[in-house]
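A, B and C label the chains in the order they appear, each numbered from 1.
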Amino acid sequence: MTERPARDIASLLSAGGFIVVGALALYHTRDMTPLGSVFPRTIASAMIIFSVIYIVWRFFKPHVGAEPPAPGSVPRRLLLVVAMIAWALLLNRIGFLVTSIVAALALLLVANWDRWAPRRAIVYVLSTLAVVVGLYAVFAFGLKVPLPMAALM
Amino acid sequence: MKKTTKLITAVLGLFGGLVAALAIAAYPEKTISYIIAFGPGGESDVSARLQEPFFKKFTGQNIAIQYKPGAGGAATWSQLNGMPADGYTIVGTNIPHIVLQPLEKDVGYETADLANVYWFHYTPDAIMVPAESPYKTLKDLVAAAKKAPGTITFSGSGTNSANHLAQQRFDKLAGIKTTYVPFKGTGASNTALLGKQVTGSWGYTTVQMMLGEQARCLAVAMEKRHPKIPDCPTFKELGYDLVGGAYRGIAVPKSTPDNVKKAVSDLIGKINKDPEFIAKMEGNGFAMVDVSLAEMPKFMDQMRKLYTGLAVEMGIKKR
Amino acid sequence: MPGIEFLVDALTPVNLLLAVVGVAAGTIIGALPGLTATMAVAVLVPFTFGMPPASALIVLGAIYTGAIYGGAYSAILLNTPGTPSAIATTFEGYPMAKRGDGDLAITLACLASVFGGLVGALFLLGLAPPLAEVALKFGPVEYFWLAIFGLTLIGTLSEGNMLKGLIGGCAGLLLSMIGVAEVGGDIRYTMDLKMLLGGIDVVSALIGLYCIPVLIDLVATPDPHLKLGNQIAGYRLREALTISWRSKVNLIRSSFVGTIVGILPGAGGSIASLVAYSEARRTAKRQSNFGKGEPDGVLATESANNATVGGGFIPTLVLGIPGTPPDAVILGALLVQGIRTGPSLFGEQSSIVYTFIYGLIIATLLMLPMGLLIGRYAFKSIVTIPKAVLVPAVGFLTVIGSYAINNNTDDVIVMVVLGIVGWVLNRLGYSPSPIVLGVILGPIAEAGFVQGYLIGTARGSVLAEFFFRPISMAVIGFILLSLFYPYLTRQWRMYRGVASSD
């Protein structure tokens, strides 16, 4: 006997979510000029229509299986996300190079599953630093991109 | 002991003053960052590239051209006053953009916030039709527009831009009604013109120079005919008081010291008077203008009045 | 061959060196996610001012074509298009890499890029002026229908649920409307955030939606990123050549598509590769492999996008209207050099143009050995770098890449936010490609619609404007074809009594 996977509630909710997004988008078109509002209205309506069709279609096919939850470590994923957000927000405040070095090392910690033998640790840290500093140099000096330099570079 | 301290302080003070004076006298001593508020390839970029060798010629220093496009220039202009105020960061500015943008919406700066030090050229408005168009003169075009209001279409770059304003001003002066079709950039506007998707195009003299034989210029918004487009009459000659276009200039952060501002202004002015530079500029269709730091307040006042008035007429003034 | 006497000029040591350096630099820059071909060209323009015009054009063209090719590397190995023109390469390239055929995919990309680039350059050589006229026939309405075509492709190409693909496309379209409207001047959907006044940049969206989810999933497990093939023996060149020969119709057709799309100002590699991919899939005998790593897919997309290089130069040089974004930069560089584009360029100044075109052909040919070399090196390094170092390296690339677009840290924030949203959506079954394509096609569709409406009203009939122009009708035909073809063939097969199995 085959086991039925759990019903895919998440997709239904997401379709509902898109209906809300579409409705919001439509709502905001009231401040627009006639020409400027045509496209938003059409696309927002299309989004709502497609989402409704999806929900109705699911009504006729109630046993679409849900995706299994993402395998792997949730804490690590969260840490990566937090690190990236902090990275983006701190660039201007602490300076590009410093923020990037700190963030890259943080990412190294999050991404590393191997045991932290001393030699490996040194190699990893050095290579990460080399990549960050090297690419920074290429962009800052080779491509002459003006990278934000706050108090701490 | 006290006397020695005083002496040392005096000497240091004098030394410091000397260094400061020398620093200004020696401006510029290192590479200047020249920031363009648009992407590469446009008129602001080309102007900066043409100025580049002359910066080197007059100061021995290089300029580093950087692009910071976004929100039609507002991204850079709203961040201008946060940039280093030592004269080594200069930013390209454009009229009517810096006057119109704050009037329409909150873009993060007010016109008065920008410390302009020089306006070095303008690209005069020009009205063009494809080379094979049945309209040979502006008179033909106006007559056709009067006969069938709204059917004559003009392409142009952007909405509420210099091109759009020119079309509105002329419509009013000539008492006609034409339809303006905005395109994203001069390239797209030209494609529509050459492909005859539209009757004509509101552009600049630079565009006419680039299109060459493929487009016929019907009028230019200048006091006198452009030296490189001698066959194209001015609006004034034809009876319409239309002079203007998009002006380009340089601004520095507001907190830049006055003597540094003057040094930048003088440098741009010098470049602008070099005959070789003028030849290159005019060869591309630009029209020279010289508004230095000294004349700035009066000029900006004039521009503000003119464009605010137009903005009110066009209904785009919302603040 | 027109202007063959200038082939010699293209073969000078200086020009050859420029071609080699240009292709190599372009490939590397294009491979880095966040650096686009436009950026690559813009960076090198200042160095070209001291050069004679033909040499300047050769090095810029070489960089351009190298960058378009290089975008395939990260598309295949990291599921992140290195340039927007490599978006469609992720469809088949990444699955191939995941299954251990990454080296084959890279070699195929190289062969296809060279082939496509040559086709585009040959059209430029022989048929530039007449083809430029074709470009002009495309008006706003035609662009509108082309964008709609692209959008229907999104729907039909979605692996998984077509509805989710369409919804994703709508989401992308809405994202493209954030900011100041090009027509009308409205400020839309910025939620009063200054950061959004300039809208969402395509490259930010691209890096965020493709790359960040990959990073998020990379840290979650200890498995290595990509499997090594059984033999890292070599380039798998013979295998690749066999596949390419079998697929020659696909290659030729895709290169044609790429050239034509490149000729249209404002349409570039991303659209070309999408259309080529869709056609390859539609006409394939074995449809089932698509989406799981089908080599023909890579061949189609990479030949199409490199063909846009040559194609894009046609309106640029003949009309002075840039065919693709890098062409706008090159045009600016030419203006500064004092070169007037236009029909005269092919007339009196033909020495410059023909030397350049032959130089471009040579650079494209040189891309074969160099591309294979660089490709092998790239493949080896990505596959052997321990994941712990790969993640911070790629993370840094996304940050500096999205910053470097407009020298603005706001783009980095947008990139990260979109990345997180993209991961969530991906888990829910909405893949990134429809969204990114929506962001790219949105402005084209909207501009085309509003401009067409204005012109149609002025001419008296909006309906006639939209539906009765010859080219529009052809494009509408294609749209209907791609929408209904699968059903039609299935009906036909059932009618013929053949089991409709794939």
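Going forward, a contact is a pair of C-beta atoms (placed from the backbone, for glycine too) under 8 Å apart; a residue touches a chain by one contact, two chains touch by 3 or more.
Here the structure is a predicted model, which is why all the values come from computation and not from measurement.
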{"item": "Chain at maximum distance from subunit A, centres defined as averaged CA atoms", "value": "B"}
{"item": "Leading chain pair when contacts are tallied as C-beta pairs", "value": "A-C"}
{"item": "Rounded Å distance between subunit A and subunit C, as computed from the means of their C-alpha atoms", "value": "23"}
{"item": "Approximate Å spacing (C-alpha centroids) for the pair subunit A, subunit B", "value": "40"}
{"item": "Distance from subunit C to subunit B - Cα centre to Cα centre, in angstrom", "value": "34"}
{"item": "Subunit A: positions in contact with at least two other chains", "value": "144-146"}
{"item": "Residues of subunit B whose C-beta touches two or more other chains", "value": "66"}
{"item": "Sites on subunit C at which at least two other chains make contact", "value": "181, 183-185, 407"}
{"item": "Of subunit C, residues touching subunit B in the complex", "value": "38, 42, 45-46, 49, 135-140, 179-185, 187, 194, 197-199, 265-266, 315, 319-322, 328-333, 335-336, 338, 340-344, 406-408, 443, 447, 451, 454-455, 457-460"}
{"item": "Subunit C contact footprint on subunit B (complex, rising order)", "value": "39-42, 45-46, 49-50, 52-53, 65-72, 74-75, 78, 104-105, 107-108, 150-153, 158-160, 179-184, 187-188, 190-192, 194-198, 210-214, 280, 283-284, 316"}
{"item": "Subunit A residues within the subunit C interface of the complex", "value": "10-11, 14-15, 18, 21-22, 25, 28, 31-33, 35-40, 43-44, 46-47, 50-51, 53-54, 57, 67, 70-74, 76-77, 79-81, 84-85, 87-89, 91-92, 96, 100, 103-105, 107-108, 110-114, 124, 127-128, 131-132, 135-136, 139, 143-148"}
{"item": "Complex interface listing, subunit A residues touching subunit B", "value": "144-146"}
{"item": "Residues of subunit C that touch subunit A when the two form their complex", "value": "39, 43, 161, 163-164, 166-167, 170-171, 173-174, 177, 181, 183-186, 188-189, 212, 215-222, 386-393, 395-397, 399-400, 403-404, 407, 409, 412-413, 415-416, 419-420, 425, 427-430, 442, 445-446, 449-450, 453"}
